[in-house]
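Before anything else, here is the set of structures, which you'll find just below.
Two complexes follow with chain A in common, the first pairing it with chain B and the second with chain C.
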Partner chain A sequence: MTLSLYVPVASPVHRTPAGLKLGLLAALAVALFLVDGLAVVGGTLAAVLLLGLGAARLPWRSVLAQVRPVWPWLVLLFAFHLVVTDWHTGTVVVLRLLALVAAAAVVTATTRVTELVAVVEWLARPLTVFGVRPARIGLVIAMTLRFVPLVAERAQRIRDAQAARGAERFRFRSLVPLLVQVLRLADTLGEALDARGADAPVPVRRGRAGASTS
Partner chain B sequence: MRWGRRSADVAAAADLPRTAIELRDVAHDYGERAVLRDLTLSLAEHRVGVVGANGSGKSTFARLLNGLVVPTAGTVRVDGLDTRTQLREVRRRVGFVFQDPDAQIVHPTVAEDAEFGLTNLGIAPEERARRVDEVLTRYGLAGHRDHPAHLLSGGQKQLLAIAGVLVMEPRRVVFDEPTTLLDLTNTRRIARVIDELEQDVVVVTHHLDLLAGFDRVLVFEDGRVAADGAPAETVRWYVDRMS
Partner chain C sequence: MKSRDLAYIALFAAIIAALGLIPPVPVPGIPVPITAQTLGVMLAGSVLGARRGALAVLTFLAVVATGVPLLSGGRGGLAVFAGPSAGYLYGWTLAAFVIGVLTQLTWRRFNLAWAMVANLVGGVGVIYALGIPFTSVYGDVSLSAAATGALSFIPGDVVKAGIASVVAVGVHKAYPVIELPRRRPAAG
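Here is the complex of A and B:
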């Protein structure tokens, strides 16, 4: 399992600044909901796919992989519209969402996490007046992307170890070893962040100076 | 047995300023529990090894050296800088590599993680890119720049963790059991990397072979230094003691 969806190839889309891409994505989202012509929405989807698969040279799989989780919802939505409204509206709604998901997929596949995070940090800059540290927000996003797969992997390992000893299904109790592992990981992580200079004004405390950074 | 080519590049190493660490009357306890006692010693050697039984205080000692742990009594100075009051400066001089690479890699992809410490130091983007390229090439990770860090092998992860510390150009690097989670091949690989470092090192380890070419080895026992000297004698003393 990987949350980092970046596909490293060289393309003009990859080189486009992250802020611009995110801005366009937001604009597209708004624009798509303002129009409801089948041709316009369908055309937008085609254009997005052309951009992603053509200009950005993304493999089919990477776009498809991100669309896959929303399929069931789209089918349900279409079925709902068949009953409540008509197939035309249903098609527009589904295509509109597909276009958006595909556009988001293109943005995430062509933009490094660091660049996305830099945009978020830039957007959060006005919040510094309230004492918010934008760099912190960025770090949290990056670390989430890094640790979700890691924790998922550890959980799987624990499940395997329990299965190997005959546990037939997942027990609530297996959360305990996972929790222990995660807490231990978090402890070292706090120290590693300190050791690598993550904390600008370093707090000095007696005892373990690095056990936790808040 | 040796772990690999010992390219003790003495000439190059001599060009770097040596880093001296002084501990004076250091004691540390976690709550009620006294973990280190009466430590007065100075580390000026290029390569210092630390061995000892589980729980003897090695990790606590290692953490003292770059201020991750502040002693409950006494002082620790790195080139005259007190770890209690000049923590930032101390941390710039002394890097730290942990046992579990997973806990040290904080960014989702390889290059981003290598860059992390440089961003924290406030180094300009072009210089960051240059140093990241250099360190990733040196450790054979250049081909994995944009790979998710968690898909690397255990040995590669530890190399990335080391790279992430070395880009910050510390003068001394403290390793706390850097090879404990690795297989034989990767242990050798990391040993070779440590061997080839120009920086001064302190290596805490249970892999005694790692210490063959070291300048000095400390044996910890119950929070004290029980033996201190050249690796051959101290390691032999330690092994006899353990058996």
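Here is the complex of A and C:
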């Protein structure tokens, strides 16, 4: 199981800072809904594909794989518009969504997970006012990625134990022992974090040693 | 927030992810197979409570957004947040929060009935209340058309709310995680 959609290629698109790419993506999402012209929307889609497949040299499979889950929706939407409005509106709606989804796929495929986590931490900086500590967001994301295979493995163990006792299939009631097990694990992890100083108070930025705060 | 809370949040984000790995369960009589992922959202709210539950869902969505394909069916990346069904994903966070609030309100007399109320209101009501208008605006379709499209998923979600409630009551008995502010000890 590959745990990332990132496609490593040396390209100018890959080298563009992650924050800039995300900003442009957000701007595109807003701008695309302000225009209705078929040429503009279609042109945007072509430009996005040119950028992803041409400039970033992504294999078309990697873009297609991310766009594929949206297909049933697009077909439904187009069919709906054929019946209720007209094919022109339907085409614009579908192309607009395709352009946006493709653009998001290009950003995802050209940006490393660590870079995006760094952007998330940066975006969370204003939240320090409310007591949020951006560095902890990275920590929680790292713990999540570690917990996924662990939870899957514990679930398998419980399933095996039930099979050994003659249960034919997975019963949702066995989620209770599973949850209790992993909650205990999380408790242990929390204690381990505390032992390593994760619960230390927020470091206050001060001047050089000896300088007073006032 | 204590380190243990951070670990709980990461744990439930991982549980939502792990439930996405379970192959969809076909249910007789319902055309759409059940994917277990929203079950994880309901469990996050009803086991962890409002704040930690919502943060667990938010963490899961952040991990998906950074390009880890943990959404059921191996989906991930920013593209899923741009699709017409993205409103349901955004609804998950609020759903976990509402389920958590209702669970905490009824915590002292928590039982299967209260768990059902919390999971139906938060896990089904809130999610559709956000998802349907989102699809409607995004795809330029009428509200009623978007609602009709969503109808076939509701029975599956009600089943999931039932499962989440049974499991939530079981976990509360065995290993309660929600802590309420202490009541002042009664005199005598």
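As a working rule, the second predicted complex is superposed on the first by the 135 of 214 C-alpha atoms of A that agree within 3 Å, B and C clash if a C-alpha of one lies under 4 Å from a C-alpha of the other, contacts with A are read in each partner's own complex, and residues count from 1 in each chain.
FYI, a contact is a pair of C-beta atoms (placed from the backbone, for glycine too) under 8 Å apart; a residue touches a chain by one contact, two chains touch by 3 or more.
No experiment lies behind these values; they were computed from the predicted model shown.
With both structures placed on the common chain, the touch criterion links A:Leu77 to chain C but leaves chain B unconnected.
In the superposition on chain A, contact of A:Leu193 is made with both chain B and chain C. When the shared chain is aligned, chain B and chain C each come close enough to touch A:Val113.
Once the two complexes are laid over each other on the shared chain, residue contacts for A:Leu175 go to chain C alone; chain B is not touched.
Within the superposed three-chain model, A:Pro8 lies in touch with chain B and out of touch with chain C [touch as defined at top].
With both structures placed on the common chain, the touch criterion links A:Leu150 to chain B and to chain C. After superposition on the shared chain, chain A has more residues touched by C, the comparison being chain B against chain C. Using the contact criterion defined above for the overlaid structures, shared-chain residue A:Leu139 touches chain B and also reaches chain C.
When the shared chain is aligned, chain C comes close enough to touch A:Val67, but chain B does not. Annotation: chain A residues 2-4, 6, 113, 139, 143, 145-146, 150, 185, 189, 191, 193-194, 198 touch chain B in one complex and chain C in the other.
Partner chain B is touched in their complex by these residues of chain A: 2-4, 6, 8, 112-114, 139, 142-143, 145-146, 149-150, 153, 185, 188-189, 191-198, 200, 202, 204-210.
Those residues of chain B lying in contact with chain A across their complex are 30, 63, 66-70, 72, 84-85, 87-88, 91-92, 95-96, 98, 100, 102-109, 112-113, 115-117, 120-121, 145-146, 148-151, 164-165, 168. Against chain C, in their complex, chain A makes its touches with residues 2-6, 25, 29, 66-67, 69-70, 73, 76-77, 80-81, 84-85, 89, 93, 97, 100-105, 107-109, 111, 113, 116-117, 120, 131, 136-137, 139-141, 143-148, 150-152, 155, 172-173, 175-176, 179-180, 182-187, 189-191, 193-194, 198-199.
Residues of chain C touching chain A in their complex: 1-11, 13-15, 17-18, 21, 43, 47, 59-60, 62-63, 65-70, 73, 75-85, 138-142, 145, 149, 163, 166-167, 170-171, 174-175, 177.
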